[in-house]
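Each of the next two complexes has subunit A plus one more chain, namely subunit B in the first and subunit C in the second.
What follows is the complex of A and B.
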């Protein structure tokens, strides 16, 4: 009786371990970045923008957008996207946020599922980091982390992003003009 | 012997039906009354009172030029006829420095069935919150726009075509809707 109990306990523990491993893998493969922890910066920021456009809204835009050439071009770009999420903070003075504040975002991008494809670091103009997540050769998400001494912007695009057309999304759907020219150099 | 059983069954039925009816009416109120819930959040958070725009003033609501500008053509209203609800705040203190995150949290909690599309603040004095909800084949947009001393809560129903157009510039969406709902062009 005791050994049966011990066996069941072992099986339950193994099952639990398996479930938590599967959950952790799923989390690691999720192209959606958690940015709520940055909300505390809003208290110090002079300007804050938080845009959430989910798949349903993207599909709606694709379905109902006009038939003009610009609209058709936009439709082509957003086709295949499952979400556009933007969070940006602007500060009046330098030093109102700490590099550590961005660590919560960077740590999510440090896992093996993400590849850093652009890394521009400049003391004067700040930094721009672009990360890509791919599954079976297809892009499943993109993250841009742009920061300068007075500004932080995190852009998270879910879905199959066409990198050649990424710059055309700037200025639309709440995505600021970041001046990104991505020439993909994928990691082997 | 059968009568007491029947009475017990009747009591049990009544005891079950009352809470069901109550929860159904709460559900209906919660779904239909989110505009008032949003107004109440503003009132409680900032300790202010709203003014309703008189019906006659609303009848002359401006034709929105923002949508026309975005569409690059024919002028049309953003909101479906008769779907506009507006609460206006005047001569109040809405200074939001340091309060934005808490206000955003309270508003998101009150509007649980809505999706927050845009939440923005500028210089701690102006803030815009735009929420969306699907309503049959139309969409409802709820905008809370607060400036230093005035603000408004606007709820409109829009067609999917209009929403698709407005989605291209979520920031302009809040401005366009509040302009349509609070400007009288007569």
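What follows is the complex of A and C.
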């Protein structure tokens, strides 16, 4: 009886550990970053931009897009996206937000799933960090953290976009080139 | 009738039957308490272990459910947050200056201009229209060829938000690219000086 009890306890402990690992992995692989903790800054900010577009709204927008060449390009660009989330706060004075506010977002990007591809730190002009999440050679998430003494911005784009489409996104609509090199395709 | 005594003990007693009664009487039923052998006596059954196992199994199932729920929650939250959060542009400060966009027959909502008397101006892009369908529990009808007026309104609001989000993302990525190029240029210049 005692051995049965011990075996049961071991099995339950292993099951709990397995569940925890699965949950942690699922969370780590999720390209959506939580930014709700920044909402309190809206009360201090002089200007706030808060955009939340999920996959359903993107698909709805795609249906709304016309047949013009520019709109078709836009359609191709956003077609692989599953969500676009932007939070930006501008303040009248410096020091209206704490470093910990941005750190709460940055901490979510400190795992193996995210790769920091750009890290600009400037005391005068502020800092910008660009993160990419890739899965099987395809980009599944993009995160941009930008801050200066009077502004804090978090951009989170979720979607299965390959590098070619990302390059198109950079080249169009005023979105810049990130400097990601795309290997030319070999001709047979 | 000797037979009456045999059947129901009435009438004249039959000695022969009485003798048989005496012989077989030793085997008649004797009421006495049941004696159970000591080896087969039921002891007190322990109810502790099954209860503990039941509790442990319940806890394990709850852990499993909680783990799955916590693991899958961000994705669900993301989908709902896109609708519940009210997209808003507020403020009296400087506008976000977006880069020039290509010609698209659609004018996105401008950022509210600065007004000295009012501290905050809020422009909402019809958030009610965005959340109406989800609140009603309808599944998104993405494959229908034509949009209803409500969907058109919702799509237009979503497109405005989409363009605004792309502009903000664009401005930040522009800054990152500009600074990265500056750093590269500085490094190249320093290297040339070292070589020279």
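The rule is short, and it goes like this: the second predicted complex is superposed on the first by the 160 of 188 C-alpha atoms of A that agree within 3 Å, B and C clash if a C-alpha of one lies under 4 Å from a C-alpha of the other, contacts with A are read in each partner's own complex, and residues count from 1 in each chain.
In this section, contacts are C-beta pairs under 8 Å (C-beta built on N, C-alpha and C of every residue); 3 or more make two chains touch, one makes a residue touch a chain.
Every value quoted in this text rests on a predicted model; they were computed, and no experiment measured them.
Look at subunit A after the overlay: subunit B and subunit C clash there. In the superposition on chain A, A:74 makes contact with both subunit B and subunit C.
Once chain A of one complex is fitted onto chain A of the other, the partner contacts of A:103 are absent, as it touches neither subunit B nor subunit C.
Of the two partner chains placed by superposition, only subunit C is touched by A:85; subunit B is not. Of the two partner chains placed around the shared chain by superposition, subunit C is the only one that A:118 touches, whereas subunit B remains out of contact. Of the two partner chains placed by superposition, only subunit B is touched by A:40; subunit C is not. A count of residues in subunit A touched by subunit B and by subunit C gives the higher number to C. Of the two partner chains, subunit B and subunit C are each touched by A:63. In the superposition on chain A, contact of A:49 is made with both subunit B and subunit C.
Counting contacts as defined above, subunit A residues 42, 45-54, 56-57, 60-61, 63-66, 68, 74, 172-174 meet subunit B in one complex and subunit C in the other. Residues 49, 52-53, 56-57, 59-60, 63-64, 66-68, 70-72, 74-75, 77-79, 81-83, 85-96, 98-105, 111, 130, 134, 140, 142, 147, 151-152, 154-156, 158-159, 161-162, 164-170, 172-180, 183 of subunit C are the ones touching subunit A in the complex. Within the complex formed with subunit C, the residues of subunit A that make contact are 1, 4-5, 8-9, 12, 15-16, 19-20, 22-27, 30, 32, 34, 36, 42, 45-61, 63-66, 68, 70-71, 73-74, 78, 83-86, 88, 90, 92, 118, 120, 122, 125, 128, 130, 144, 146, 153, 155, 157-158, 170, 172-179. Only residues 39-40, 42-43, 45-54, 56-57, 60-61, 63-66, 68, 74, 172-174 of subunit A touch subunit B when the two sit together in their complex. Across the complex, subunit A is touched by residues 71-72, 97-98, 100-101, 104, 115-124, 132, 134, 160-161, 163-165, 167-171 of subunit B.
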